[in-house]
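A, B and C are the chain letters, set down in written order, and residue numbers restart from 1 in every chain.
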Amino acid sequence: MKDRIAKNLEELRRRRPLVQNITNFVVMNTTANALLSIGASPVMAHAVEELEDMLKLADALVINIGTLDGHWIRSMERAVEIADNLKKPVILDPVGAGATRLRTEISLKLLESGAISILRGNFGEIKALLGEHGATRGVDSAEYDIEGARNLALKASEIFGCTVAVTGKVDYVSNGSKIFSVMNGHEMLERVTGTGCMVSSIIGAFSAVDEPLYASISALVVFGVCAEKSYEEAPYPGSFHLKLYDWLYRIDGELIEEKGKVEEIEA
Amino acid sequence: MKDRIAKNLEELRRRRPLVQNITNFVVMNTTANALLSIGASPVMAHAVEELEDMLKLADALVINIGTLDGHWIRSMERAVEIADNLKKPVILDPVGAGATRLRTEISLKLLESGAISILRGNFGEIKALLGEHGATRGVDSAEYDIEGARNLALKASEIFGCTVAVTGKVDYVSNGSKIFSVMNGHEMLERVTGTGCMVSSIIGAFSAVDEPLYASISALVVFGVCAEKSYEEAPYPGSFHLKLYDWLYRIDGELIEEKGKVEEIEA
Amino acid sequence: MKDRIAKNLEELRRRRPLVQNITNFVVMNTTANALLSIGASPVMAHAVEELEDMLKLADALVINIGTLDGHWIRSMERAVEIADNLKKPVILDPVGAGATRLRTEISLKLLESGAISILRGNFGEIKALLGEHGATRGVDSAEYDIEGARNLALKASEIFGCTVAVTGKVDYVSNGSKIFSVMNGHEMLERVTGTGCMVSSIIGAFSAVDEPLYASISALVVFGVCAEKSYEEAPYPGSFHLKLYDWLYRIDGELIEEKGKVEEIEA
């Protein structure tokens, strides 16, 4: 698996995929920088009039509902529809699902379109999308347990018919038949806004070079290893944040081999 | 007072208050990172349809008019109304009041609602809200004098019936009966965008653990001391900015005791 | 020429021009920080109701279409009209022109108003505005050649009747009669989002102290030298990005003299 991730990273850097993001105001800058650092090319168009032109050029679409409103919801819905027609991979990050009904409903509506390839959220968000409320506090998960996360990934991937990544202390990724755990990352990531959103966009970039399950795993391992290296160099949030970009640029197959912690588990 | 600030900081970190921000596009990312660094939990929802759900979860609401328009003004007005009903503290940062009539008028309208607990602005902004124009240049204050700042804080707190913090070379905070000066901070803060906005949001976080007057003082001392430490390590704006987050994470009671400069003065 | 640039920088820092930006969500924070670092004063108002008030205070207007939509287009058009009446310099950054018809059309419409003083774009964007498509990929240029860039700058400045800066490996700036090349900068700039947008805003700041041609050259040399110094200290994108602000603050006439590479070439 780590060979495959290393090869995906090399291929990503060679092809420089164009990742179209309709994302939240808080993380637009950091998401773009994460994509540039790893070697992808970000674009952030949302005007309905230009979505088709832009999506024709794009290799993947990432939808993130972190600061949604009516105007942006229309863009998201239209973008998902166009991407579906163009057969481009679509990644959904349901930020804050469960915290408000609006977020839960829009996420479900987008999932029901059948166009979502990959759903990436924290424990509370994915739980809310399965109809179990109370686990989200604002945009952070208010709970997490390893057994539960594994089951959530599996159940959600079956119900929504797409690859699902539930991220947390251990990340679980499932496409309904297979399930993998990723044990990279660092808790300092919780002290920097938008690190989950960065991962979702990096999944988008890997979607240009591998199928949803392995694109998700690749992104989670790469990003997690970068977080570990960043913390080694900088154990405070501002400096840590900065180092993330440095390591997304520096990470290579050797580092993935040395630090990556991914394994297939029984479904 | 420094004991109280240290205790507030400890309590903030223990409770991790959820601070709901309707703020400007320029500072959303940095505000969220400042709140995460100090130990609070930020959220940035603005859709009218979800304000009530989100505010029920929130410990405080911060309104910042830095890039307002009609759409956002409706969100701000509705959020203030809901927060008032829910008896949550509301902090107003009237960015650029005085520079345009729109900003002055919206700020006054929000203040007249009676729901604002704390108003935090620079000299020019608070002066403009008291009907004296010409002291704001864009979003920066075009003037400042110590005697004037003290009087502004006192007068504004009486007129608007809330706690007012006038920030500048010396910060003055008054609740109409008491007035305190804070002499922490560093002029390099003027070379990083949104540092005033960060303070307003950190005041929001402290509002979850102490009353408006002391929440404001706590935030100003903590942030000011962090600025001083950051400048010691990094005397240029990019590096200084980064260190701010590091120090918001690192600051503790001992540092507050050593560096804090706050005193009650005669009203 | 380098003396003139150094003098312009000194004058910019003395006068602290107020630069009004209607720019994209991705770069608002970094643009504001770039302007603050170099010594200018940024403002980011876009509400139609306050544009006139704000533009009366402003020394220059920068329009950047990076995340445009109908609502923002109306603000841009109105702002350009007001700035024209007030005889303030207007800089246009046609981000992504050529990638979508919407971006090309809006850029052309703004250029046709006759109010644009300076157009700054990459090779693909300027080419698209001259009616030659296919050279833009998302918001990045998909091609570049030195001879072509020189010709583009000259042709575009003649056709649009304004100063044009085509940025890339070598930057070319022309006002239709004169043409200059700038050979500062570093390819690491491509790994940080919004560095082109920063340059456009810094051109805006220099527009307050010199005519369009020399304002553009001053900004390109200063920013390019800062990029070179930043890379010397920090060869990875996160750290490099941070250092840019440090060097925008630190750069002086001596460094411009030592590192600046600008020359007039035959038109």
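Some points to look at:
We take it that a residue touches a chain if its C-beta (ideal position, glycine included) is under 8 Å from a C-beta of that chain, and two chains touch if they have at least 3 such contacts.
Quantities reported herein were computed from a predicted structural model and do not represent experimental measurements.
Per the C-alpha superposition, chain B sits rotated 120 degrees relative to chain C, a value rounded to a multiple of 5. Copies chain A and chain C of the same chain sequence form an interface built mainly from non-equivalent positions, shared numbers / all numbers used being under half. Look at where the CA atoms of chain A average out and do the same for chain C: the two points lie 33 Å apart.
Along chain C, residues 25, 29, 71, 241-242 each make contact with two or more other chains.
Every residue of chain C that touches chain B in the complex is listed here, in rising order: 18, 20, 25, 28-29, 32-33, 36-37, 41-50, 53-54, 57-58, 71, 241-250. Contact residues on chain B toward chain C in their complex (touch as defined above): 24-27, 29-30, 66-71, 96, 99-103, 137-140, 190-194, 236-239, 241-242.
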